[in-house]
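We call the chains A, B, C and D, going by the order they appear; numbering starts again at 1 in every chain.
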Amino acid sequence: MPHDEQFASDNYAGICPEAWDFMARANTQDASAYGEDPWTQMAADRLRETFESDCEVFFVFNGTAANSLSLAAMCQSFHSVICHELAHVETDECGGPEYASNGSKLLVGDGPNGKLTPESIERLVTRRTDIHYPKPRVITLTQSTEVGTLYTVEELKAIREVADRYGLRIHMDGARFANAVAALDVSPAEITWKAGVDVLCFSGTKNGLAVGEAILFFNRQLAEDFEWRCKQAGQLASKMRFISAPWCGLLENDAWLKNAQHANACAARLEEGIRQLDGVELCFPRQANAVFVDLPEAVQTELRARGWHFYTFIGGAARFVCSWSSTPERIDELVKDIAAASAA
Amino acid sequence: MPHDEQFASDNYAGICPEAWDFMARANTQDASAYGEDPWTQMAADRLRETFESDCEVFFVFNGTAANSLSLAAMCQSFHSVICHELAHVETDECGGPEYASNGSKLLVGDGPNGKLTPESIERLVTRRTDIHYPKPRVITLTQSTEVGTLYTVEELKAIREVADRYGLRIHMDGARFANAVAALDVSPAEITWKAGVDVLCFSGTKNGLAVGEAILFFNRQLAEDFEWRCKQAGQLASKMRFISAPWCGLLENDAWLKNAQHANACAARLEEGIRQLDGVELCFPRQANAVFVDLPEAVQTELRARGWHFYTFIGGAARFVCSWSSTPERIDELVKDIAAASAA
Amino acid sequence: MPHDEQFASDNYAGICPEAWDFMARANTQDASAYGEDPWTQMAADRLRETFESDCEVFFVFNGTAANSLSLAAMCQSFHSVICHELAHVETDECGGPEYASNGSKLLVGDGPNGKLTPESIERLVTRRTDIHYPKPRVITLTQSTEVGTLYTVEELKAIREVADRYGLRIHMDGARFANAVAALDVSPAEITWKAGVDVLCFSGTKNGLAVGEAILFFNRQLAEDFEWRCKQAGQLASKMRFISAPWCGLLENDAWLKNAQHANACAARLEEGIRQLDGVELCFPRQANAVFVDLPEAVQTELRARGWHFYTFIGGAARFVCSWSSTPERIDELVKDIAAASAA
Amino acid sequence: MPHDEQFASDNYAGICPEAWDFMARANTQDASAYGEDPWTQMAADRLRETFESDCEVFFVFNGTAANSLSLAAMCQSFHSVICHELAHVETDECGGPEYASNGSKLLVGDGPNGKLTPESIERLVTRRTDIHYPKPRVITLTQSTEVGTLYTVEELKAIREVADRYGLRIHMDGARFANAVAALDVSPAEITWKAGVDVLCFSGTKNGLAVGEAILFFNRQLAEDFEWRCKQAGQLASKMRFISAPWCGLLENDAWLKNAQHANACAARLEEGIRQLDGVELCFPRQANAVFVDLPEAVQTELRARGWHFYTFIGGAARFVCSWSSTPERIDELVKDIAAASAA
């Protein structure tokens, strides 16, 4: 049975055809190592065009590295980073940011639907200013969030205002950035640098690559000597073209956006199906490619027995994530099984 | 002109067919992330068979990470690591080991042909024992070395004796480990754990992968919780199967060994060609897949003008490295051009 | 007016006479540096006698260093340390533990009166076991706590049981350890190693020294090469005797215990005085040398205007801390002023 | 026999009378912690006067910390620090700088008499510019050097020129800075910021304190948030006044300079005495308070048997260091014993 593991996470999906095609093209001959190849140049240039910005672009292997190294570039070890209590950097990176920064503390804020509010940020900044408290220097936002919701342009701008007031920088964890762009129907520029984002980690892996995230520094000063940081941290690929060429595949003809639109549409179809079911509730507004459903433990067990894969989120909700490889047929089957398991 | 960049380094080569094939196979359906997939299990098992050892196996993205993280697991920040003055960890990893270990100093030893001698190691251990000097805890050896030479089984055992005398652990940087096995015509077990190696970093990238190194802990105690270390350091691939499945390709039917034998044979052909040339000398014994040639700067410039790629090594020698993708035709052309450039 | 800053913290007090006397004795002639002097030997030996244990003893400069370095010795960067949400390591060391350990995350638990409960610890250990969550390895307890309360021997043993169940080590932040011993009327051994504590940071500074904390490893294995760690971290005093000789002063004739008893008695007197006041409530049981009082902001402002020094704690309470240098006269004056300010 | 350990190092000496006196004064009443006391303000102001500079001033516990933290503030983990092969940071701090900076490599240069030459620095900067080599960012100079010699103002300015050419910052390890000022007979300003030094670590311990080094940032930008760095690294003294008040003692009436002049004069007397001895040679020009003598191992053994303390330096020379507490009588006795032991 193909695709039998879909819905657990968008990183369970494979390599999308456009990425595969460019990987094959890059493999027709030898090429210079460490990013000194034409594919890497091309991928960076296309990202700059896509974001309408002369930003600095770097490629690293995975999301934890992208977040950790870019945050380390945005502050010192004795500074702190403000994040939502559900942020991936806080809950799922095993101390990666603290390791890369040699000790920057994460200060945990809150807000409904997985989104930091300006008030929560301000509270963390102003409650103490003594030297026993690590000085806040960065705000990190996940777009779309860990619970599949979205920051609007207005919400981002309101956070930028707080940031400006207290001299903070804004980092965006874009593990599902493509899904956010697709869902908000805005340009990449509008929800990043035009809304005050200094640095974006743009995930290729969850969008259809085998491996490889792009880090975009719209605030170019923060990128000073960043290539050395990547090298030292074991994040400089020798055969870089096998990260960058697939990125070219994603960027050509907007495959990245189509992949995201497809995943979002699949999640919308799942949401719609679930809304038809009596007594089954969503936990968060479904806005991008993830659907969080309040299912009793017994129902979740039954679904797993039927071969479905999904995560149980903090608090007990079932999380279903759609990807470029999700299919309407399987979604409909899933809805049917949720109905059956819930009825039992 | 295909393959026009060959000889600069074995990481200029692409993905070998066996690896490509398994990557394609792994892409036929979704799979669990973070190594919980059948390919990763299979790759680890095949490595254990290949090394006749129930060792612990981990996969990381690149060689700097493999070296840095495994060394960090073998000592504490206030310990030191003994390496040859030409060792990659000392000269080409931008402080990666010091970063991952949070400060372990590299103590630089020496020995002819890029190989640490037992005497040099002993000297570094015994010259001081006070607490102002970071306590030696690990010896790291590169096999084959940075100048393309080999440690014999006997040499390794002699180093093991010193290690035992002073309570040191032995790490092997196997960026070109396959080439060493092929050249020495020994089993992988014989030149690793049977000769006293505690931990091996076995490079897949230089052998024909897009990305991905295996770390083998023969001393299993040193591997305690190492998966957490990888995760924290941004070295846990979410789509791990795209590293491990290609490894299965390398390991099936000994493709890894054939790739190495081919590269070594190409280097031997190059050596032979050069030996015919009057007044052109090798700098080090050619033992694996690298050939170091004493060429005047003007000759090197001329060769580059003719489109050849190679590194100029410390001291001025030209370094030519062969890979799985090298071809006899190009080697013969290279020899001809060296002859012509040298005669000019 | 002498002592006008007392009550803000016990580190506002000066050097007690016994410590001063030994500092003077140590200054009568030259001595070997870096702890190779007779005073350091004597101080370590007396600590071993006092604790009835052949523990390993090290001296460092301050409490943040003592906590950070000992915690770093008890786990790896990818492990985590369980602490109370009010713990000094979490709230007041500016990321010191994360810095020294290169990234170990603090997991924040809770419990009434500033004390971690076994249940809270167990919850943090069992809620997740995946590699995206830093593996719990250490529990840190503050004795007496940040709110001036005490862990009883029974409470410590109950926590040791949880620790044993999950392979955790126990660290004790003894910034006010002397006050705890004095208040509980137990032997130092009984509330440390006999109750399952592996490592104790015993503060000398808050007890009457100018500078200098002792770290005691009852679990001697954890102390392996710890002297190198101190050296590397800038915590090895060259003129060590000026830390260790004053410690001898504290340990001779139990001056450390008398200092603590005095401070506790002063706090008891303050508590008693406040209990006489209508409408003024304590926030936590007064058990050692700190008194937390629920005073309106206006009252606190008035007290400060009258020249009193104290901290306003999280939540708004006024914290008064007594030390070896506190005097009954000033306490009575303080009570009178609290009465007057509250009545206004 | 008093002072029987003198000559091993200037950190074998005790606390000088002026420092002791101010320590006593600071102990007459309670004072605010963490540097918010009048002594710390006074000490910083007097340092600014002494250096004729509105520099930023911080106090830390010891020299390893002062060097490590200030170097960490001057570069990033992937940068490198150029030092002389005999520099204390390289040979005697157990990886302290690498630890505090989270991995900055020390690049080892050379030059006669323990002094880095501009040529040696330039060679290290220009030999490689690729990202596998940590980018040079700081030069560190020891004044007076580890072999007791001095950088002249002209030599410093020549190094500043190289620094400017390559965008490097200059750090001065002033473990024996006072001795250099005394010996060169220049103002502190002239051999620091006027000669291009960005940051100075000025040792109080070797000059007569129990503990405590001052870090002066003439380049104030480099001091941004440095107080947080000190706090995080466990280098913020709670009872700071017991570091700063003794500094006031050193600075009042130029006690620091007199202490240094005395130590230098003692070393000159020792030099003179030794010059009278046939067949006994100095290893380096005696310029400050240290005398390096080429003595056979047997002679050194004999001297130790007679109760003398001194270090045997790399290469075998005997190192004698004078301090504020050295006495002419003991120097003359030492000379006599060297004569006797050499004649035997």
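In the analysis below, contacts are C-beta pairs under 8 Å (C-beta built on N, C-alpha and C of every residue); 3 or more make two chains touch, one makes a residue touch a chain.
This structure is a prediction, so every number in the text was calculated from the model and none was measured.
Asker: Going by the touch criterion at the top, tell me which pair is linked by more C-beta contacts: A-B or A-D.
Answerer: By number of C-beta pairs in contact, A-B is the larger.
Asker: Name the chain whose C-alpha centroid is most distant from the C-alpha centroid of subunit B.
Answerer: C
Asker: Would you mind working out whether subunit B and subunit C touch using mostly the same residue numbers, over half shared, or mostly different ones?
Answerer: Same: when the shared numbers are divided by all numbers used, the fraction is over half.
Asker: Taking each chain's centre as the mean position of its Cα atoms, how many Å separate subunit A from subunit B?
Answerer: 34
Asker: Can you compute the centre-to-centre distance for subunit A and subunit D, using the mean CA position of each chain? Integer Å is fine.
Answerer: About 50 Å, centre to centre.
Asker: Give me the residues of subunit B that touch two or more other chains.
Answerer: 77-78, 93-96, 99-100, 102-103, 131-132, 134, 228, 231-232, 236
Asker: What topology does the chain touch graph have (line, ring, star, complete, other)?
Answerer: The chain contacts form a complete graph, every chain touching every other.
Asker: Could you list, by residue number, the parts of subunit A that touch subunit C in their complex?
Answerer: 77-78, 80, 91-96, 98-100, 102-105, 131-134
Asker: Per the contact definition, I'd like the list of subunit D residues that touch subunit A in the complex.
Answerer: 34, 76-79, 102-103, 131-132, 134-135, 225, 227-229, 231-232, 236
Asker: Which residues, counting only subunit B, touch subunit A once they are in their complex?
Answerer: 2-6, 8-9, 11-15, 20, 23, 26-33, 60-66, 68-69, 93-96, 99-100, 102, 205-206, 210-211, 228, 231-239, 242-243, 309, 325
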